[in-house]
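Chain naming follows the written order as A, B, C and D, and within any one chain the residues start at number 1.
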Amino acid sequence: MSRSSEQSPVGGFRARLHTIIFEADTPAGKAFDVALMWAILFSVIAVMLESVAPVRERHGTALSIAEWAFTAIFATEYVLRLVAVRRPLDYARSFFGLVDLLAILPSFLSVLFPGAQTLLVVRVLRLLRVFRVLKLGHLLGQAEILMTALRASRGKITVFLGFVLTVVVIMGSVMYLVEGEAHGFDSIPRAMYWAVVTMTTVGFGDITPKTIPGQFIASVLMIMGYGILAVPTGIVSVELAAAARGPVDTQACPGCGNQGHDLDARFCKSCGSVLDWTPPKPPPTP
Amino acid sequence: MSRSSEQSPVGGFRARLHTIIFEADTPAGKAFDVALMWAILFSVIAVMLESVAPVRERHGTALSIAEWAFTAIFATEYVLRLVAVRRPLDYARSFFGLVDLLAILPSFLSVLFPGAQTLLVVRVLRLLRVFRVLKLGHLLGQAEILMTALRASRGKITVFLGFVLTVVVIMGSVMYLVEGEAHGFDSIPRAMYWAVVTMTTVGFGDITPKTIPGQFIASVLMIMGYGILAVPTGIVSVELAAAARGPVDTQACPGCGNQGHDLDARFCKSCGSVLDWTPPKPPPTP
Amino acid sequence: MSRSSEQSPVGGFRARLHTIIFEADTPAGKAFDVALMWAILFSVIAVMLESVAPVRERHGTALSIAEWAFTAIFATEYVLRLVAVRRPLDYARSFFGLVDLLAILPSFLSVLFPGAQTLLVVRVLRLLRVFRVLKLGHLLGQAEILMTALRASRGKITVFLGFVLTVVVIMGSVMYLVEGEAHGFDSIPRAMYWAVVTMTTVGFGDITPKTIPGQFIASVLMIMGYGILAVPTGIVSVELAAAARGPVDTQACPGCGNQGHDLDARFCKSCGSVLDWTPPKPPPTP
Amino acid sequence: MSRSSEQSPVGGFRARLHTIIFEADTPAGKAFDVALMWAILFSVIAVMLESVAPVRERHGTALSIAEWAFTAIFATEYVLRLVAVRRPLDYARSFFGLVDLLAILPSFLSVLFPGAQTLLVVRVLRLLRVFRVLKLGHLLGQAEILMTALRASRGKITVFLGFVLTVVVIMGSVMYLVEGEAHGFDSIPRAMYWAVVTMTTVGFGDITPKTIPGQFIASVLMIMGYGILAVPTGIVSVELAAAARGPVDTQACPGCGNQGHDLDARFCKSCGSVLDWTPPKPPPTP
């Protein structure tokens, strides 16, 4: 608590620790990140293997040793992170701080509540830690473009999802009425589950219409779902194209400072000043 | 009848009622809409729960009380709407007027025809009332763009659906011939249902080809369906891009005739002439 | 034979017949087309109903009367078409001439070979005749754009299909090796059928991998198929956008006659002549 | 070894051999390629037929004769290729050199290890040889555009796949917890297989959720997968559009600096200056 309120710059040891743990510019920082990434991946694979009954029976001891080793590594890392940051409490309450804590808690809790399956699964959330370690420059840029496109599509996608859910509720109710409990549509929620399975073209086949009108309505729903798939795709395509064009608009008008001019504009579209035009650089050779 | 023909402006009480019920600009109007939206959602959830046998058996009384409470709310609202509008008959015969009536009718009818499952399902149509309440500004704008794109694609989508249906009829008949009744393809309509299931890539698996030629024809149909999915997607993408660009291309420069200026451009980007500019309206604040 | 070689203009009666049967500009021609379309649709529905066992048993006589009525109508129409055209043999050997013949043959053949199921299915091909009757102006334009886009994509789609088939052959062989006959993969062709079912995301579930390596390979194939779907969609989107832009390039250079200039070009890109530039007309209001 | 180091030009006979085997410009070279293509296709079909039990039992001898005939053809071809190239060792170690060797090895190995199913499947890899023979000019150009688009999308697709895999791991673990072994989700890897089957909208139906929470989570996953499909499609669409436009934007007008000229433009479309023009090479004739 007292440490979290102190505003002084971080000292020599903690500064170096911060550079290694939180940054990836130095060789030490990079090595730390790579080592941590492998530890995360192996620990997640160990959790998966533990869920396979024959593996658990044969290699149970080895897996629990590995589990404690990973817990020790992640716990040490968690303490070092707390030491390295200026405001440990802020870190501990941040999203990744909680994920880091969740990575070590289950092993300690499993001593108190042995064999709880839930704890096993919580450990899989360690995978999320990969995203904090991952600092691959150009991929981040690509992810940024994708996120921009998705964020710009948010409104349209909300409208789209609202439409899909309305169709699911109404079609589910109709099929519950038409097919009835005898054919597996034994409640509206279950019929809605079937409508989602059908409309998204997944088609498990665990529940299927048996009557002629039911199969006809299902056909309509399938063709709708097949065609409707075009809508989010179109939305994302258009927004991705816009996001990819985005970085073009970097030229500011010398007269009014306005931006967002087209590539071939020679006069500012706001004040009419001549734009300080230089031929754009050739695209970088890969 | 007499009221619907009178053209006089709506009086004080009815005017205030109209503002609250039909508009969302005032705090009271907004509060009314939000309350109504929750009532609709809860009543639809109640209908869904009623269809689940164990829930119905245990909480049947509570659900039927809730049902009557919702019916009372919606009935009151229906009467208030009739009072608030200038031409009640026009309202009653409009699409949303009918939906509003359908929201309360089933409960009253269920007294006459107890236990009719159909009435249960009709009540789900209350969900449609959400769309009349929903007046979220920016979402409506997005929905408008989507609708414009879909309307512009109507011709191409009709051609596409006609092609899909022709393939379904012919492929269904061929599979009926090839696989026959022994493998579940016991009539052309059922084989057409299978063709829809296959071509839309849903693939329930309730009916599947068993013979070698049947599986070969099915493979061709699947690859066709997989590739054909590209067509509506491409259509909607192109129309969405056009709809998003839509309001831009209408203004030609008086100096050089150049087009393609942005909506907010005041000077021609090619020759610097002043464009015959009128400020675009600000987008509606949500 | 002799009639097909005569080159004289068609006489009065035959000319009027031709106008009615082959054209849709006059009221009589339009009425003929609409009547024929309904006859086709009803005859196809009759064929479908005939394949449903209970309907066939109960209404068999009515259906066979309807069938002979439709055959009489189509046979009369076929003869009239032969009379109306200048070169009957050319018509009889054309695609639609054969389709028209196929529409009437099965009924006559069924007298010789009673009950042949194949003949039933051939009658469904009558549906193709709808396309010769259908002369809905604006839809044809839309179909034209779609066909242009698909034709332009032909090369890329061939490459894409070649890739898909190669993956299907290799993945099918690998799964035949990994899963073996015990799990339903009892030959390479059947394993290839499974690979198509999986890669196109249809997923019937009639054959599924049971072993861990099999499920892993299937997962890779599914994600590939899921991602690969993007390729034809992208191809068609781009070509549709180009096809929609298509009619823009109508301006020919006054100097060299070259076409294909950009909308904003002021000089011919081939010979440098000043283009006879007039501001493009506003888009037609729908 | 000694031959691979000699740098002298290839002699008369070997030069002619090289032209026939490796090139497709001469009639002899073209005939060789076409013959080889058919040999490859027939040999792959023979391998497929051999895997079908009834065919193998009835036509086993014929198939093994065919197999040895194809092996003889491909072995001769392999030796001729070794002779024709200047550096045989480099050829033998190249990708297609290894594929060529794999095409003949299994038959010889099957003498030592009779009946090994694996060898059968390795022979299917002969199909890859089609790609070395295939030198269809315009298709290669189309494949080039597709490859350019996919290569440009690599970064975004990696991000996308990383996201999909994370969702698969976490959703698989949650479903393992929620549904448990009783409903087929008997380990995290198997639940992940189910998550892939569901998210890619394949939906085999061999494992399906049975509980209400399981079906709810599955519905969310399906709608996610359905919507997420939009992302790779959008990516590829945008990159294909860029790749199709690609070769255009590199030339700036020496007079006004304008860019965006078509590949065949000789004069600037804005100011009419002569572009520093070199005629583009004619596309390869197929």
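Rule of thumb we're sticking to: a contact is a pair of C-beta atoms (placed from the backbone, for glycine too) under 8 Å apart; a residue touches a chain by one contact, two chains touch by 3 or more.
In this text, all values refer to a predicted model and were calculated from it rather than measured experimentally.
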- Query: If you list every residue number at the chain B and chain C contact, are more than half found on both copies (same) or fewer than half (different)?
  - Reply: different
- Query: Of the pairs given as A-C, B-D or A-D, which one copies A-B, with over half of its contacts the same by residue number?
  - Reply: A-D
- Note on the structure: By Cα centroid distance, the chain farthest from chain B is D
- Using mean C-alpha positions as chain centres, tell me how far chain B is from chain D in Å, no decimals. 42
- Separation of mean Cα positions, chain C and chain B [Å, integer]: 30
- Mean-CA-position distance for chain D and chain C (Å): 29
- Item | CA centroid of chain A to CA centroid of chain C, Å | 42
- Message: By the touch rule stated above, which residues of chain A touch at least two different other chains?
- Response: 160, 189, 192, 201-205, 229, 233, 235, 237-238, 241, 264
- Note on the structure: chain C partner, complex, touching residues on chain D are 44, 47-48, 51-53, 117-118, 120-121, 124-125, 127-128, 130-131, 138-139, 141-143, 145-146, 149-150, 157, 161, 164, 189-190, 192-193, 196-197, 200-206, 229, 232-233, 235-241, 244, 260-262, 264-272, 274
- Task: Would you tell me which residues of chain B are touching chain C in their complex?
- Result: 155-156, 158-160, 166, 169-170, 173-174, 176-177, 181, 186-189, 192, 198, 201-205, 208, 212, 215-216, 218-219, 222-223, 225-227, 229-231, 233-235, 237-238, 241-242, 250, 252, 257-260, 270
- Can you list the chain B residues touching chain D in their complex? 201-205, 233, 237
